[in-house]
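Chains here go by letter, A, B, C, D, E, F, G and H, matching the order in which they are written, and residues are numbered from 1 within each.
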């Protein structure tokens, strides 16, 4: 089964509220993506199979969102040389500090690219995935440049009421 | 190949200095143990195979020491219903806070029992493994009770020079 | 008075909301358990008596939930060689970081097995207690394996709406 | 056996290097003090007995130094209505943050007075103990006032070389 | 003007909600206390005058509640050799970690006795103040012992519904 | 002037000791890279010019190492849609927590991919840069797969002396 | 275009709720100020131009509020020798610890003056800006002294209901 | 006695090693400065007198370095409307996090401008003091602009050996 170029996975259904920031941005860009639930701790074999097959299935970049002892992005990175982007979920007790450190503090040899905690990180994971594809895809590069110009324009047009 | 009852695994050779606290205590108790290097991020398939086979190989308790984004204990717990004890390594930058949170903040459904950061945690992982075996092994129970009495005695015999 | 195999204790009535995760899981497993309030700081003598008598009363594993300067699990571990599992409560000010460090940073010689902060930790304390019993109890082992399969199934059956 | 008015206890012999700051200050004040090793986790019965008997043995204030999951001061406070002063030891991994939170975050009803982490805290525990005695002892009050004047004088006399 | 034996001061009116825990406990004990607003940063001269005069005005113990860069307890301790108890307020951003560290990390020579963050700390500041007075006041000692017995009784009488 | 495909920049000469981990790995892969000092706070115009020109100069991926209020990676990401990888330096006071949060907590719209603090992060930044290039470069993909196999082999060959 | 003496800039419209504390205080002082949105990460060229031109446009002090990887104050300080005051926004996940460290931990050579996290910091940024102008402006000095007297008066007039 | 325009004060002699970064920079600028030891907790009356008299003594800016429960900068700011710059010392246990939070988390109404922890902060305190004076002093402004150009030049001239 051919897969989409950008695969978004997340550890639990409750992560979808945050990860929808990534989904929505990819929709906006009309990107080729797919979304699924995969848990490093509850469905480890599916994670391993997904990660091992990803490249030959046509996946180019993987986005993994998880919280707490967030092992998902690292577990995927353990099985592939595709770029893996981690999104640390905001958590109830430690507010995502646990998710961030579990995601970013990877040992030398097996990188995970961590984004910010929570919604800004989810949104940026999608942009970063597109930036990776944009290295060799002129159309995506062009869309990203337009997106960046829009950012400037939006900030510039704000009328402050003070 | 039959395995020992207590399996100590660690993510990297550099963890041995800390984990030797566990090894030495098990030696002292004349316990049935084995030690190996297994990395959640570098040898994930070996971790999965080890964890899946552990119970039928005769393992009763697993001790896993790892540092940073310490996924080892959780990766093993994902594949077995044997009790898994995690030992968070002290790290250079965040002093083991990263290892601790990555080890202890497991999602509901897949427990890891975390010990303290570093050497005291390594030592206690061995004692805790013996306590688990001691639930149904009278001889180990007896040795543990003697060990506890020795703790009292050692503290009591200290002559403070003040 | 014969006691249940799994004893759940907690430092305050307000901990019950969290600890009910443990209770409910043990109910689901039809396990032999009992629940009581014991405070390391308010009823220390009862804690000591409970802990000293636990093994001869038939207790096999102890789960202790407490918050803040969470001394309960450690105080119990000081008096017994039964395995003691600590559950750090989420707290108002420091969000459970205080409870976690007070529970997990035990000195060498007296282990406490710490679970995650709050509800996931409470749930996992029950599973871990069962895993300990499952080392020598085939029926519990079987139930745990089924529970694990259910986890996989539940994750697999989620239909994401994206 | 009649006891000294100020009792210094500590969880381990290795705490003496830090706690000697308290001992030395009490020596300097020619105070009535005694020092002993008592461990909340290794010698809990001795801790309980010490704390229960302290007032009738003539103790007026208790200083307790401990590190990591520092339960000593709280365990003593659980058994007495004498003022208990806690000194959190600096630790290798978390630099005393664990000791501080375990000492200071006591539940309502059972106070422990926490000093700073490490040597300044040890020194201040002795001064604070004297301040408590000085509430009803004119001689100690006078010595404390002189000590305070000396602090001013010492700071004032410093010649900076810049 | 003669003052009460226990002086409660706080840095801002908004601290009263928390500090009322101390006030209520002292009411319950029928203790001799007074309450006032004094700010280390907004009314420093009043703080200095209050602290310098406290002992000769009849004050025996001072309780100071403050939040953020909580300098109040330390500023008072700078001017008196009476025992000063600090209560760190829970804050919006850093949840009281700032208040705690500003209160407890005093330099050697000038002790402040820190209680827990927020309401439990406020309550305990009152108990600790009474414990200090109880060192030389048999009636307060007796009341404290009764209070402690009540704590045990209350915990013992809880009927858990599980 | 044509630039290399992978540009490594760092905020200060003192970062080179850490960033040499990235340089050495790229050397080992015989990759097309260049290294320079650029400071977000001291040479902001050079940073802006570098970042704006990078794509048309042939750069494909940018690695930026900085410490403390580590603005370098974000300042570059502000000016380009190329993927920017941030490496937080370990710092003297806060051990890299400041660098990590300054690097990773980017606002939605402008992603930076953060690696771990210090040397492991520096090494992984190089691997991750190669993974990005490997999305569309078969030769790099092949080298990465060999590198991954070597990781497994190295771990497997360790003979533990216990 | 001549600019106001005090320029308030902020990274996002959502920061205005917090920064209105600064605006309101400057209004109260009838100060010469202006407010604008400038984002270090979304409109870096406007930030650079604003900062480079500020002094010749008549600006004397700059207040910059930003959250998360808060690079705004530092990015401005990189381009000017005018005093730059940073206000770290309170954030959802890490409660402003990220904003604070990103603002305050500037490298030697390029200072930013950090205020407290959130609203108190915003208010103080305005007062501090006025203090800077008050160094050479007698009228502002006089207003600040009156403001300080009012602070004392307000605290003094509080009637506590206890 | 007329005072220098820039007053550097520090809480203890041991702070001089760090604060010499400020002294040396002011020497380099040939600035009008003076240095003294003043402790908020040991010599509070001297702090108050210094702060109250500072403006009429000709002081324009105050730099205050202190560690731990670092109340010095805030205690000075409580008595003056001159700009006060705080430098948090790096501490043994909490690495300056305590000093930073005690310095920066000032309540609304009484600002302190915090610099980075330790040596970079000390250096920057001197530059920031000069920036304040440079608002109305053309010569200092000119020197600061030259200093900034030198920063660029120094970075630009580095030859990396890689």
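Throughout what follows, a contact is a pair of C-beta atoms (placed from the backbone, for glycine too) under 8 Å apart; a residue touches a chain by one contact, two chains touch by 3 or more.
Only a predicted model underlies this, so the values are computations on that prediction, with no experimental measurement involved.
K.L.:
Using the contact definition given at the top, which chains are in touch with both chain A and chain F?
P.N.:
Chains in contact with chain A as well as chain F: B, G.
K.L.:
Taking all residue numbers used at the chain B/chain F interface, answer same if over half belong to both copies and different if under half do.
P.N.:
Shared-number fraction below one half, so different.
K.L.:
How many angstrom between the C-alpha centroids of chain H and chain A?
P.N.:
43
K.L.:
From the mean C-alpha coordinate of chain C to that of chain G, what's the distance rounded to whole Å?
P.N.:
That pair's centroid distance is 49 Å.
K.L.:
Any idea how many Å lie between the Cα centroids of chain G and chain H?
P.N.:
18
K.L.:
Which whole number of Å gives the spacing of the CA centres of chain E and chain F?
P.N.:
A distance of 51 Å separates the two centres.
K.L.:
Counting only residues that touch at least two other chains, what does the list for chain E look like?
P.N.:
In chain E, residues 12, 39, 42, 68-69, 94-95, 97, 104-107, 109-110, 112, 116-117, 120, 151 touch at least two other chains, as defined above.
K.L.:
Between which chains is there touch?
P.N.:
The complete list of chain pairs in contact reads A-B, A-C, A-F, A-G, B-C, B-D, B-F, C-D, C-E, D-E, D-H, E-G, E-H, F-G, F-H, G-H.
K.L.:
Enumerate the contact residues on chain F facing chain B in the complex.
P.N.:
So the residues of chain F touching chain B come out as 90, 95-97, 116-118, 120, 151-152, 154-156, 158, 160, 162.
K.L.:
List the residues on chain F that touch chain G in their complex, please.
P.N.:
Within the complex, chain F touches chain G at residues 11-12, 39-42, 44-45, 48, 67-71, 74-75, 77-79, 91, 94, 97-98, 101-107, 109-110, 112.
K.L.:
Where on chain F does chain H make contact in their complex?
P.N.:
Counting only chain F, the residues touching chain H are 12-13, 16, 20, 23, 35-39, 42-43, 46, 68-69, 92-95.
K.L.:
Under the definition above, what is the set of chain F residues touching chain A in their complex?
P.N.:
Answer in residue numbers: 21, 55, 60-61, 81-83, 85, 100, 104-117, 119-120, 123-125, 127-128, 131-136, 141, 144-145, 147-148, 151.
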